[in-house]
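Report on one structure; see the data block that follows.
Naming follows writing order (A, B, C, D, E and F), and every chain is counted from residue 1.
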Amino acid sequence: MPSANTKTEQPVKLTKHDLFQANWRWLWSSQICWNYERMMSTGYLFTMLPTLKKLYKNERDLIEMMKMHNQFFNTNAYVGGFIVGMDMAIEENKGRKAEETVAGLKAGLMGPFAGVGDTIVGVILPTIFGSIGAYMGLKGNPTGAILWLLVNFTVLILRFFLLPLGYSQGEKLIYAAGDKLNRITDAAILLGVTVVGALIPTVVSANVPLVFKTGKVALKAQTVLNQIMPSLVPVALVAFSYWLLGKKRMNSTRLIVLVLILGIVLGAFGIIGKS
Amino acid sequence: MAIAWWQILLLTMLAFWMIIDQITVGILANYPLLYGFIAGIIMGDVKTGLVVGATLQLMVLGVGTYGGASMPDFMTGAIIGTAYAVISGKGIDFAIGLAVPVGLLMVQLDVLARFTNTFFLHRVDRYIEKGDTKRVARNIVYGVFPWGLSRAIPVFVMLLVGNRVVQKIVNAMPEWLSKGLTAAGGILPVVGIAILLRFLPTKRFISYLIIGFLAAAYLKIPMLGVALLGLALAIIYYKQSGHPSKNNHDQQDTHKGGFENAIGEYED
Amino acid sequence: MAIAWWQILLLTMLAFWMIIDQITVGILANYPLLYGFIAGIIMGDVKTGLVVGATLQLMVLGVGTYGGASMPDFMTGAIIGTAYAVISGKGIDFAIGLAVPVGLLMVQLDVLARFTNTFFLHRVDRYIEKGDTKRVARNIVYGVFPWGLSRAIPVFVMLLVGNRVVQKIVNAMPEWLSKGLTAAGGILPVVGIAILLRFLPTKRFISYLIIGFLAAAYLKIPMLGVALLGLALAIIYYKQSGHPSKNNHDQQDTHKGGFENAIGEYED
Amino acid sequence: MPSANTKTEQPVKLTKHDLFQANWRWLWSSQICWNYERMMSTGYLFTMLPTLKKLYKNERDLIEMMKMHNQFFNTNAYVGGFIVGMDMAIEENKGRKAEETVAGLKAGLMGPFAGVGDTIVGVILPTIFGSIGAYMGLKGNPTGAILWLLVNFTVLILRFFLLPLGYSQGEKLIYAAGDKLNRITDAAILLGVTVVGALIPTVVSANVPLVFKTGKVALKAQTVLNQIMPSLVPVALVAFSYWLLGKKRMNSTRLIVLVLILGIVLGAFGIIGKS
Amino acid sequence: MPSANTKTEQPVKLTKHDLFQANWRWLWSSQICWNYERMMSTGYLFTMLPTLKKLYKNERDLIEMMKMHNQFFNTNAYVGGFIVGMDMAIEENKGRKAEETVAGLKAGLMGPFAGVGDTIVGVILPTIFGSIGAYMGLKGNPTGAILWLLVNFTVLILRFFLLPLGYSQGEKLIYAAGDKLNRITDAAILLGVTVVGALIPTVVSANVPLVFKTGKVALKAQTVLNQIMPSLVPVALVAFSYWLLGKKRMNSTRLIVLVLILGIVLGAFGIIGKS
Amino acid sequence: MAIAWWQILLLTMLAFWMIIDQITVGILANYPLLYGFIAGIIMGDVKTGLVVGATLQLMVLGVGTYGGASMPDFMTGAIIGTAYAVISGKGIDFAIGLAVPVGLLMVQLDVLARFTNTFFLHRVDRYIEKGDTKRVARNIVYGVFPWGLSRAIPVFVMLLVGNRVVQKIVNAMPEWLSKGLTAAGGILPVVGIAILLRFLPTKRFISYLIIGFLAAAYLKIPMLGVALLGLALAIIYYKQSGHPSKNNHDQQDTHKGGFENAIGEYED
């Protein structure tokens, strides 16, 4: 892709203040208008708004880029600033020409960052400090809770370094061979997919509490399912939802209603339980 | 002990802030322990607040809102539970018995809030078309209200009507419904994962999905371990997708390739 | 109870069908439970048949005839065991005590049948040379007799001579022999695996042999898990063995390559 | 391999009936003349016979192809129909020119299909339904046995879809780049080899029950062997058999006799036992 | 690399006796002057000395090659002879032209051979025969000890085959395509690195025995660390040492003193313990 | 029983040989059991020697001197322990109680010996520059003295002064020091591993470092298993780093490539 290396000299340069402002906006807005249809699209748009206004003086360009940035986006808010940073570096250097590259980058990286970010922020940190804090809290001792507050403050401060880091990485990548960005994105996706694969049995908790009895011998449905494969029900549910999402009239809003109803009905009849 | 008006006010504000905090700065985040702690301070009984919060915390260790799925709202549960435990003086078990069903019922309001914001999204679309960046920004910020009120209003009402009414409502919940809601809560993360998989090039990397699954389901490797494995595989992938002849040569200064490197130039 | 002649006939036919079923339609397959069930029906005591079959079934769960190795013939065991348990009225333990050694001894007849068919193979070779497709076909079908008779004859004879004689023969088997036969049964699958490995390009894929072994031997991953792992690795291999430049581009619609996609067109 | 793309227009076309007939024959004949020398070669030949007669009017061609199809072949009968289907598609389109391709395909796929098929049909299904059925059967309850019969009927019906599936896949592959078939075969082999690697410790059961005693301290031979590697004896036996099969005068018939004797002798002396 | 194939006909040929002499010297000298600065460099040089004198008649060449062979070298002495053998074959054929190749080969292979060799000789063999011998020894029975002596003699004899093996492999590689040697070295390194990765949690034993108490509830520091990752302390220590070794004024001598002091201090205060 | 002068002499020689054996022929290697055995023979009480050696052996199973790290010198410990157990007649526990601290203290002398040899290294450097191969060789061999004497002298002295003095010194060691030395012994292998990692192209193969770590730390696969895994991965790497088109063709005789095989000719 030879065009990838063609740098158009744009007079407009982003300053440190621009980066900080983006960081600040990302912090407060990324999920503020979260919705099932496009999840964090508005948050991303809100974050980029000042940058867009600065870079695209032509109104048509501005509108098109706003549209692009209001497409489906969803990632872990704690680490997503990195993607914004990369995006800013690329747009600063290549302007609207980079529209497709940026769309691809966002679509490619959001999943991996969600997987890894959710794991660290949603699983690892709370598991550690939550267990310390809860152990102490059960005795009425607030030390653990206060420690946790301090950790959360520290994490908050650390979040301010991710966007500039993304920005500087993005700058480097622009000068790198055109296909390096793709390879990095691919590698990141690979990591993300691996983590998502592990999320299925970890995060979804469902078993089949049915028990069949013949005389004294009882046969637990879950035991038979486990003989086939561990976490078979979660896998089946994910596969079913994935397949449904590919159907024409299905979208995330409808899917969530459907899964909710399904869960309540199957749960009420005792066919599915939380493991 | 009767609850004072300023306590109702503070707890309602805490509930409003609770969901905003989660989706922004993450100081109290979605951790019941911390809300029990703060509610305890407001109610003047830190210990009760901590114990209620800690008990609920242990029920949701590592539970999160992955991919937009809702989690049991034990944060609201901790606020209500602590408040009524202190008011009624009926102790921790009473608080937990109240907090858990409240937390499960609140899930529906989380879903509602996430629905409602679609309204603002479509307004944003309209103003983008007009190039009206101000109104674009403003409508995005409006999202704060569905979020905040989805927690503030129920907490305010529950504190106002008194625990007896709350408990009646909660007790009225039939067993099949609570079993159903529990099961639904267990499988809701499925949606987030399925959406993620749709937006990732899953087919292309299906092998790694399987490997991640095997690692967690068969080998019980915890998340960080799987992430390390994924990292190792990602690096291997990255190196291999580069120039094939490269593997042999980078960092091997002692080896001066001639013929093969000449070929290598045309590759990849 | 004395056995009727039509029962002997039916059980003999069942024994003949037993091996044919296994190598064709697989309705009763090589599952002792089902033969105990049918033999029970024939003998007019379903329950005894089921218990004998079930007991033997649990001894060979997941045991199969991989790569042409023989397995303990507990199907014949189930037939004989059920028949004599009903006739003698000596109960399940007696039936099992008879069925197990019978099943182990019958292994030798399975081996014999598999030997015998070589005879027809060589006749087929001859008729191929002559282009005589009819005789080719006919001689292949003849294989049905060594197979079927290898089971039918011993069952017929055993039912005819009476359980006392059968048991005497069985009891005459010294301990060292039964220990030896058991050990031999344990290691016989080795032959099938070795043949498979000879016909697979094992050396080229030795890495994956090791990986499969490690997964099962060290990590105790069950078969389906290993197959999933193999699938993941196979897909990775398939994608990588394509043209190397491909990895980066397929399914990435947002990325519009010029030169490379032009090449990519011919691939996959 | 440019010749792979050269399609010779052959007037003879295989019909649905031909496919069904092959399926039927495969079902009844695949192992009917099984023998240690060439295992399922005759079964394969018998299955292909009508197709061969239809395709090769020239007697020399017919004889040569019959010879080729009577070479060593062994796979799991339940899933092997797929290979037959692919073969038929290729021979229909390329005729005798495909002789070598078909021979390679058969040799390449039989192992993987054996490994995977034996696992599903021989291990997984009986483990699940066998345990259900046996549990019930022990109580004299025939439900599990009847359920199992129904499952076996279902599997029997499903087997009729595999050959046509193989046929349609085979047709697709003909038009694909010549090396895709190789890559698929390779990937399938890889999967098969992985499964076979796992079969060794799973299917071969052998340990060394010897115990050495010095005073009160007893040392179990198997404990020491386990310290080296789990399943060491099965691995050694497989390696030994594999090596033997490479010897000039060794064949599968002799090997089985040898292993039988070895097992009986070592077992009788208590050196090897079933674990 | 065409030059790799250019064999300079050197009149000097190494004899079987030369190989034996090298083996003998390697046996006795490889670690005889071991030191923290260059570890086994002198041992390697001493081993090669007769060969060098035979091959390089020119004094300058001899001195340069002695210098090269006195650079840092460290491997497992039991299996290191293989590397010497390969080296001898290459130097015999290419003379001083191979200086860089040999230096690369030595640097590349020493690590993997250390990892694998230490595992077999240092972990596996003593675990097996040590446990047998110790069990018997505890009863005053010398059989196990004598058995172990015999095993060690056998190992000693086997060591005499490794250097000639390396030599013949080295000879083959010279005629192979130039890059095969690199690929083999790389593959060997890969194996070595994998083993080293496993050595970290296996060989380094350190935990944090601190216990925090709040009323009756006690929280063990190690439990929390394990929730993050198993073997976290060993990993951190290795990473720290690795990083230190990259510092300018740090060398292995200093590092060992530092770790020694660190261990004594942290151990004395009960912060770190042997797990 | 009093120790004879020839016993002191023999044990001192054994101590000298002990470290030389380890770094050369490896007959007694670094195995306390064998030194206890030999010391027992010298002291005329094989059984005591064996038991002392065996006890110490069990404490260091699989412990080695990886990457130049020192291990507890329980070989010297076994010699001293056995000698004094026999002399004093105080039994095994006394011997172990003496051997363990002695072994831990001796570590410092191992470190010293490894330092000292640097002196000869620098002399070797000088003589290389002069092309004086004789002196080069001689100075390398001198390394035998720091090694041997580092064990011989302390053993000689300890046997000479008598066990009471030795024990006093040992008892004088405060608890913090013994705890510290134990901890230091546990983490010393870190140095060797770090040096190894510095000299390996670790960054390039970091993925495999992670994989090896995961296998051992998370999955508890023993060393040989990890080595097998590494072997499998190394073979895959080796095959893949060849020309990419190769994978599909080698050893597939049935497949007669034209163009690709022509290229393939130069490979492998």
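Rule of thumb we're sticking to: a residue touches a chain if its C-beta (ideal position, glycine included) is under 8 Å from a C-beta of that chain, and two chains touch if they have at least 3 such contacts.
Protein identities per chain, from UniProt: A, D, E = PTS system mannose/fructose/sorbose family transporter subunit IID; B, C, F = PTS sugar transporter subunit IIC.
Keep in mind that this is a model prediction, so the values were computed, not measured.
Engineer: If you tally the C-beta contacts for A-C and for E-F, which one comes out higher?
Structural biologist: E-F
Engineer: Could you check if the interface between copies subunit D and subunit E is built from the same residues on both sides, meaning over half shared, or from different ones?
Structural biologist: Under half shared, hence different.
Engineer: Between copies subunit C and subunit F, what's the superposition rotation on C-alpha atoms, in steps of 5 degrees?
Structural biologist: Fitting subunit C to subunit F on C-alpha atoms yields 120 degrees.
Engineer: Just curious, how far off is subunit E from subunit A if you go by their C-alpha centres, in Å?
Structural biologist: 44
Engineer: Which integer distance in Å separates the CA centroid of subunit A from that of subunit B?
Structural biologist: Averaging C-alpha atoms per chain gives centres 11 Å apart.
Engineer: For subunit B and subunit C, what's the span in angstrom between their mean Cα positions?
Structural biologist: Computed from C-alpha means, the inter-chain centre distance equals 51 Å.
Engineer: In whole angstrom, how far does the Cα centroid of subunit B sit from the Cα centroid of subunit E?
Structural biologist: The computed centroid separation for subunit B versus subunit E comes out at 49 Å.
Engineer: Going through subunit B residue by residue, note those that touch at least 2 other chains and give them in order.
Structural biologist: Residues 201, 208, 210-211, 213-214, 218-219, 221, 224-225, 229, 231, 233, 235, 240-241, 244, 247-248, 268 of subunit B touch two or more partner chains.
Engineer: Show the residues in subunit E shared as contacts by 2 or more other chains, in ascending order.
Structural biologist: 124, 127, 131, 135-136, 138, 141, 183, 186, 228-229
Engineer: Going by the touch rule stated at the top, which chains touch which?
Structural biologist: Every pair of chains in contact is listed here: A-B, A-C, A-D, A-E, B-C, B-E, B-F, C-D, C-F, D-E, D-F, E-F.
Engineer: Quick one: in the complex, what on subunit A touches subunit C?
Structural biologist: Where subunit A meets subunit C, its residues are 1-3, 100-101, 103-104, 107, 179, 182-183, 186, 228-229.
Engineer: Of all residues in subunit B, which touch subunit A in the complex?
Structural biologist: 23-29, 31, 33-34, 36-37, 46-47, 50-51, 53-55, 57-58, 61-62, 64-69, 111, 114-118, 120-121, 124-125, 128-129, 131, 133, 136-137, 139-144, 147, 176-177, 179-191, 193-202, 205, 208-218, 221, 223-224, 226-227, 229-231, 233-235, 237-238, 241-242, 268
Engineer: Which bits of subunit B are touching subunit E when the two form their complex?
Structural biologist: Interface residues on the subunit B side: 224-225, 247-249, 252, 254-260.
Engineer: What residues of subunit B sit close enough to touch subunit C in their complex?
Structural biologist: 201, 203-204, 206-208, 210-211, 213-214, 218-219, 240-241, 244, 267-268
Engineer: Help me check something: in the complex, which residues belonging to subunit E touch subunit F?
Structural biologist: Of all residues in subunit E, those touching subunit F are 27-39, 41-43, 45-46, 49, 53, 59, 62-63, 66-67, 70, 72, 74, 77-78, 107-108, 110-112, 114-116, 118-124, 126-127, 130-131, 133-138, 140-142, 144-145, 148-149, 152-153, 155-156, 177, 180, 183-184, 186-206, 229-231, 234-235, 237-238, 241-242, 244-246, 252-253, 255-256, 259-260, 262-270, 272-275.
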